[in-house]
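These are the structures, in structure tokens.
Note that chain A is present in both complexes that follow, paired respectively with chain B and with chain C.
== the complex of A and B ==
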């Protein structure tokens, strides 16, 4: 029975989650003001990009994971948001230089500038006006994306599953082409980038001399993203969220329960696009420029990957997967892209031994899995040794070659390792890191697993249960 | 005279060249427990799907509580392919003619005076039919089509269950019922997201809980609906339908896969909720003991056509029903 019982939503749980988010935010502020930003660029880049991707992935999950609409148009909506934000925030003094290919911009209105002048031009009032203008521009970015979503949602949402995915993917490509179109250059700057608009750095609090007193750039990015995700969570736990889940579960039954399919699908599509637009604005602020070619379908696939890795229908899964994905892509695996050499022969031999041990461990693991599945004969088992044999073979070859270069490391190897990691995750965690559960439930499961394990170690004979069953459950795989 | 809750007129559903339901007319009165039976493939579920808006019928009219909720006539390509009867009944081309053979018989009449007299009588009858059609439904002769979506039908007060259970199987039992309350809520997406609808949300939850307690499902409320045993899933589906606050409940084979004792309990359960919620129940069922014991009236269809109607005793004795179920000796 416990396996089938869903977690109860309690007030305490909600407060704990909020407290957790607040703690993370506080940590980011502390980090930002203690670490040297110039020497730790990669940390803050990762954090900002992670926060932006988390928001967009969660908004994509609202559509794909909670409403069951397989849509791949998110890069398009991010593009709309990014451009809307940039167009309405570039200060008029900079317009000339940004749009130099087109002799100036057709739109000469900047929200931050407008509010900044309204509140006194300079000083604290001007800064507050600037921030207000930026926030308004972010909301407008979302609204533009939502409006376009409403327009294309009318015909497109009649489609189902794969067809919807193809249509939305096509839409994103069309949007990208339109924004690169020359005749629209006085608005979109054609294929050139829009830049010089206010970014997260404008949230840093400075004194009269322009010295930074309190750094807030990363934490503001976090705060906006967290606020938006919070709103999405509220929506999902509301009556409308339940209606979305009903549509995901069974459209016919949902309709028979009085849920207007067209209306609710469109609602979900528009809300998801709104937050994708906001995410696009944040993305523009994070890269300091907007260019249509960055919002290609590869970006949508990245987001889809994050949603699938995190677990369809898990908000915390999407958020965590976004940070892990960005950190792996931008930071943790970077070293794989640059060639290196061992400093001493002992280092080299240590590497060779570790690689051989890894090959042996891999073979043992694969063999154990095969045996657990009931394979006994040599003909059934030998394929499990292949991978280990190849690695070991290379290891011996490398040991014999006498080269001091670290093997594999060169430009592009990062993507190979990255892809392998993703394949492993998808193979062993078939429903993503979180499945359709949220973080607290997963942590409880983990705690229970550790308790069981500890009990088994203390009384090895009394354990009884199959070790594989617990491990399989932990992996979230549905056998 | 008892009030019609549901009134089906000349309902025809044609898929390509297959006429699944053919000129079906029936009435369900307020407070009645009516069954629709027939051999496999007779068109029972298709008829249900036409009533609930899943299908748009090819021809026919459906009335709920005296109001036309579905009306259609063969159009476009279907107008040429149409194999059913009375294709013009709901179009502006309808002149009240009902029986072309009778008209031909009149034309063949040798005596001129008598022919004129019959013709006049025929025309008067046609006029009368025209008038009555207009009386019943002012839009009947205007080519206007009414084809609501299923959610609209549910809002009007017709709830249904499905032949193959269609629960939201990975959601909790509680959420399954709560979702049915969404339709009648007055919130909008902003008030719901920002939790400005607390009172309404609380009311929805309380009503759901009360309904679950009454259906004896309260102890399973946090379980995944798909993990419930079969009988409970059936009961949950009915509870979910009741949560939409219907006046007419359509049950599509509620006793499918149940043993005789469960079937008996189900029958008593349906009668109980029918009394309690002042419902009218219209049911498709294959378990004859259930139908014969509990239903007020029975409609029997075969190959999409109504073959018999009446009390359980009358239907049981009817030759056509026996033939339809057992086949005819050639």
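== the complex of A and C ==
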């Protein structure tokens, strides 16, 4: 476990981060209103999903990274939030068609509709009521998740480490089964999806003819997510947050210092679930439907990956990792999924040479790492060359085959490359993007590293440069 | 009566198959304190390998070759993904396991094109047999006996041989065991070899009953087997086997009524949570001395 970091809090730092968030929000609004939404659909999908995942990952980090409770129930709480939001927002006119398998819904109440009618039905008042209703439904989504978390927490939080993990995972599965159960169909629509509820697109401001004047769908998603993350940051910087960190470091010591273990664990669990519920509601809005089978344990693992890749105990790490994860998975690697051919023979040879160089670089990296761990003899080193040899062998085979197709590219290759990238990060940067530090501290470290590097380049002869460079380069990993 | 017999039979059969996977979980957890999330996917790969091998060779060659392949796969996974993280916090290793599971599933999706593949019919195991009016396959009858035989063999290995002694020592105390001159890496590799081999055998039995394989097919049996291992007290071999049989039978009893069949997994978790509430370390946890 990393030592507790008591970061110096300054007015300036808080102001700067607020300004940063405001700048990002402004940028999103500008992007949204200048880019053509139909041609750049993937950009906005990525941004929305990234914002939702950032919120959920941060809420998971509150539990796993800051309180040290290893819980795998997040998908379950997201499911609760998503369903609660959908059930309370589907307009009554749509209920018949959504619940067609069950002859209508048992609950015939929609918050946006109720407030919309309260404020005058149509026009600006109606729109304001609609938005108010949606926001209330989102809060209710969080509260439902929090309530269930309180109930689950009663038996589960007594368990330790892996047992806690498997028990929370189990509860997530139980919740999923309950929501797919046929006899509850008049509320949950059984195994079918709930849809037709208001989504982020309802935040776009339209004029009388229905033409969109100002697009706000992505930025509202960002704003809600940022607000929730801000609340979590406030919590972590409060005395409660310090108590959470104390529990993470050492339960016995924390108890000896007068921290009520049961109370604080419960608090952390409930608050984390509340924001997971809100995240679930946002997720439902992002995909335009909720279906219980999407919230499976694979989703929890995905979130856990994001949290660890960003750094356990780093809010900015989780947020950045969420965006990188979603962008890599959904957008940047997309080209790998479609087959392609080289345009000319020189392109092909360039590819072959690059692949050979990559094999050599991989072997060199692995050998260097092995040597640093103290391996000297050939018998200890030869396994490090295996991977490079396989890649090189394939490269030679491909060069000999004379095919003009770009190798490997086929549906599904994107995810293979993506998971290889994740494995590389996990193995070589085991503390993740940020460790347990936040973005400013990490940037300062990076600046210091660059300064050191620059000084070394200027005076290459000055004292044993090699170990220093090695230690600097390993900034992401640890010993 | 007929229904009861057939439910019990399929429960015992499923339980036996879960037991073979659960042993892999429990062995690895005993030594490394690692939930090996990739184990279920190794199990799935075992199924896929048989499908691709039988396309070009007869079954009696394919099956042993598959077991060898899976053993090598398990060994490589341990060497590539877990060994470099030996000194890292437990969370890192667990994430590495999730990463491997993710990689295997994605690679399988890529390789198979994401389509369901059909498992070949294995001559003797696939044939039907009628017991007390309930028709079932031979695999159902064979499974429990095979499982018991394999478990006895394993217990013999662990309790009577030198490597078994080393495994027990490693499970008891990792550091001291290294000080005593035990080559911890080879012990861990050996554990993965045993776990993978048992999963490979389990996959033959399992996929004879559930003939189609998707890249995600390993996740669910893997999860159930893991629950079984926790249920029996993770780290204990008899615990894993007993837990697996109980979970297999419960699951099949729940499945009898189609209205409640959606709860077949939920019920296993409910039982697990109740057991953990009463005995936080599982049925056989801690009490049994031959923790491995």
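Heads up, the rule we're going with is that the second predicted complex is superposed on the first by the 446 of 479 C-alpha atoms of A that agree within 3 Å, B and C clash if a C-alpha of one lies under 4 Å from a C-alpha of the other, contacts with A are read in each partner's own complex, and residues count from 1 in each chain.
Heads up, the rule we're going with is that a contact is a pair of C-beta atoms (placed from the backbone, for glycine too) under 8 Å apart; a residue touches a chain by one contact, two chains touch by 3 or more.
Small disclaimer: the values here were computed from a predicted structure and weren't measured.
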Once chain A of both complexes is superposed, is A:266 in touch with chain B (first), chain C (second), both, or neither?
neither
Count the residues of chain A touched by chain B and by chain C, then name the partner with the higher count.
C
Identify the partner contact of A:452: answer first if only chain B is touched, second if only chain C is, both if each is, neither if none is.
neither
After lining up the shared chain so the two structures overlap, which partner does A:410 touch, if you call chain B first and chain C second: first, second, both or neither?
second
Quick check on the superposed pair: does A:420 touch chain B, chain C, both, or neither? Answer first, second, both or neither.
second
Please indicate which partner A:162 is in contact with in the superposed arrangement: first for chain B, second for chain C, both, or neither.
second
Go through the superposed model and pick first if A:181 touches only chain B, second if only chain C, both, or neither.
second
Given the touch rule stated above, what does A:304 touch, chain B (first), chain C (second), both, or neither?
second
Would you check which partner chain A:239 touches, where first means chain B only, second means chain C only, and both and neither mean what they say?
first
Dual-contact residues of chain A (chain B, chain C) 1
Taking the touch rule as given, give the residues of chain B at its contact with chain A in the complex, in rising order.
52, 54, 149-152, 154-155, 159-160, 162, 166-172, 175, 178-185, 187, 189, 192-195, 197, 201, 204, 222-224, 227, 240, 244
Give the list of chain C residues in touch with chain A in this complex.
29, 33, 35, 37, 79, 81, 84-85, 88-89, 91-92, 95-96, 98-103, 106-107, 109-110, 113-114, 216, 219, 223, 226-227, 230, 234, 259, 262-263, 265-266, 269-270, 272-273, 276-277, 280-281
Mind pulling up the chain A residues that touch chain B in the complex?
1, 4-6, 8, 231, 234-235, 238-240, 242-243, 245-246, 249-250, 252-262, 267, 271, 436
Chain A residues touching chain C - in the complex, by the definition given at the top
1, 70, 155-156, 158-160, 162-163, 165-167, 169-171, 173-174, 176-178, 180-183, 191, 297-298, 301, 304-305, 308, 312, 383, 410-413, 415-416, 418-420, 422-423, 426-427, 430
